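I'd like to ask some things about the structure below.
We just call them A, B, C, D, E and F in the order they show up, numbering each chain from 1.
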Amino acid sequence: MEKKTLGILIMSGPYTFQNSHTFYNFVRTALDKGYGVKVFLFVDGVNNAKLNQDPSPDEPMNERFQELADLGVEFQACGLCTSARGFDQSGADFIPGVEVSGLTEFAEIVGEVDRFVTLSI
Amino acid sequence: MEFTEKKVMILVRSRPFGTIINFEGWRAAVGMFGMDHESFLMFMGDGVYALLKSMDVKHVMMFKNTYESFDGVLHASKRSLEERNISPDELFDGVEILDEDGVAKAFTENEVIITF
Amino acid sequence: MKFLIWLSSECQSLEEMVGALKRANHEVGVLLIQDGVYLADRGCSHSDELKKLDVPVYASKPHVEERGIMDRLVIDVKLVDYPEIVDLTMEQYDRIIST
Amino acid sequence: MKFLIWLSSECQSLEEMVGALKRANHEVGVLLIQDGVYLADRGCSHSDELKKLDVPVYASKPHVEERGIMDRLVIDVKLVDYPEIVDLTMEQYDRIIST
Amino acid sequence: MEFTEKKVMILVRSRPFGTIINFEGWRAAVGMFGMDHESFLMFMGDGVYALLKSMDVKHVMMFKNTYESFDGVLHASKRSLEERNISPDELFDGVEILDEDGVAKAFTENEVIITF
Amino acid sequence: MEKKTLGILIMSGPYTFQNSHTFYNFVRTALDKGYGVKVFLFVDGVNNAKLNQDPSPDEPMNERFQELADLGVEFQACGLCTSARGFDQSGADFIPGVEVSGLTEFAEIVGEVDRFVTLSI
């Protein structure tokens, strides 16, 4: 039987809210159990993907998101939210594997997942 | 899973204006039509404040119009309105007010619930 | 149908939502996560409301532990770590309502 | 001494703080701003608490107007725009407590 | 105004962990010593949860130690503790509990109040 | 008599929270009345200064912050918060006039102002 897929919408940025930490642990565990994961970064959520973050060593956000992307997590980032925050629409400011797209791609994710969790502020 | 058209509830519980989350709910509700999902906009808790017709609609007008042009209906929880002393005639035209049974039915019939 | 309420911050409308689903004969569980775990703390004025709902309550163990409120819990919660949180989300419940 | 409570979101501990200052014979005013204006709305369960404090309450006019709650205010507020907010902050009160 | 050394209250009202705001209050309290202000760390409302000695202190330990090395004292509102059923023996050593008079005095004696 | 000075700590980013709009209107009005203004950007507050933001036209955050800086508002940004978010420590990612510094400069601002307001999340 095909394993189920988890969809997540995250709307908060890293550091300020605990969401990003919970997100990493939750998604990493879901991957370990064999589930697929698709993520839409919305509003401040796009800040999670920003390259060159240099936080305290116990919160290596870039490495964590990169790790999840390398393990096959699909990341889509809201394009309007990306440009509003002064980041490149090509995705050049984001970790490799994050695609800058829009709400249509979000709607696509919603149609492709078995469970859906929202991480808001 | 393979892509499937779904019934999607956008559940708006945040207050308007203080954060952008409430407004982004309206936007997401419209976005669901982009892949032919059925979009069900539901306001509960302090989210119902976004249905006051006396509100400045500049942040949501475009989404509201588009949502309604797709025959989308605005739904509000009766209990949330009552707890906030909001009477039906204070709301935008066309808001459908759901009692407890209606709320339970909405959560059952919509296959995905996305919270704003 | 089995609904899991993923509760990470406040308790606004919890009775409203859980009550409506229960009275429509659905099964409901509540997962307290992040600051949501304070809802089971003996200092929270809403914990009685949660108790009265009479539904299974799960609480994220790492979030309870780091806050140091393990000995202060007044609700009979099942402590869960990420593997169980994933299992609740993906298998044991049919639909998630995040709040 | 005159304290101005700059209240932009919630009402946690408002009585605690305002009450302590009043009973110590200080003057206290409350400025409702952004989502803080909902505290004067007839749908807010805490508006009675604010009323009982019996202190001058100012409410940011643009924030009341955009939320469409002008006709729903149940507290006798003085509506203020930015020039008056600046005047309250810089001249009429000695110290600001943001909450 | 010309630079003046002041008595500065860092008023912590946010809960720890859920957001970083609470932890940043501790950091700011230490930062005040950088310009020789007197720093007065005050916990009220849900902020008092950050004083539970059973808490994981990894995010604040460095700031707490530095603050205390400057003879800084941790203060908590008695009423906030009572409303949350937190007894004094659940708190870190050395927390000074202020009754209503003490709270009013703290707001009066500190010339600047910075909220976290 | 010398005009008083207003100090502000802002800890939220633009768009997500209404703070940035209130901040602009409040500070602009204070300037018009002749007060001095000193601002510390802390935590997500540093995001307000990010260059090349392209939001909806009624929220031109860069222009507004630049306008305030040009009118003499002192802006200091928390250095640790800046690097944590992947922005240049030199201030090159921020509008001109924003200085990347630290909590000592924050403490300096606190010592130099007559009134102090915190804009948190």
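In this text, a residue touches a chain if its C-beta (ideal position, glycine included) is under 8 Å from a C-beta of that chain, and two chains touch if they have at least 3 such contacts.
Please read these numbers as outputs of a predicted model, since none were measured by experiment.
Common neighbours of chain A and chain B, listed by label, are C, F. Shared numbers divided by all numbers used gives the overlap of an interface; between chain A and chain F this overlap exceeds half, so the copies present the same residues.
A count of C-beta contacts for the chain pairs A-E and D-F puts D-F on top.
Per-chain Cα centroids separate chain C from chain D by 34 Å. One finds 24 Å separating the Cα centroids of chain B and chain C.
Spacing of chain A relative to chain F, judged by their CA centroids, is 28 angstrom. Centre-to-centre spacing of chain B and chain F amounts to 35 Å, using the average Cα coordinate of each chain.
Shared interface positions of chain D, i.e. residues touching 2 or more other chains, are given as 8, 34-35, 63, 95-96, 98. The set of chain B residues that touch two or more partner chains comprises 17-21, 46, 112-113, 115. Shared interface positions of chain A, defined as residues touching 2 or more other chains, are 4, 15-16, 18, 43, 114, 116, 118, 120-121.
Chains touching one another form the pairs A-B, A-C, A-E, A-F, B-C, B-D, B-F, C-E, D-E, D-F, E-F. For chain D in complex with chain B, the touching residues are 8-9, 34-35, 38, 41-45, 63, 65-72. Across the complex, chain B is touched by residues 2, 4-5, 7, 9, 11, 42-43, 102-104, 106-108, 110-114, 116, 118, 120-121 of chain A.
Of all residues in chain C, only 1, 3, 12-13, 16-17, 19-21, 23-24, 26, 95-99 touch chain B in the complex they form.
Interface residues of chain A, counted against chain C in their complex, comprise 4, 6, 18-19, 22, 25-26, 28-30, 33, 35, 114-120. Residues 6, 8, 33-35, 60, 62-63, 82-83, 85-87, 89-90, 95-96, 98 of chain D are the ones that touch chain F when the two sit in their complex.
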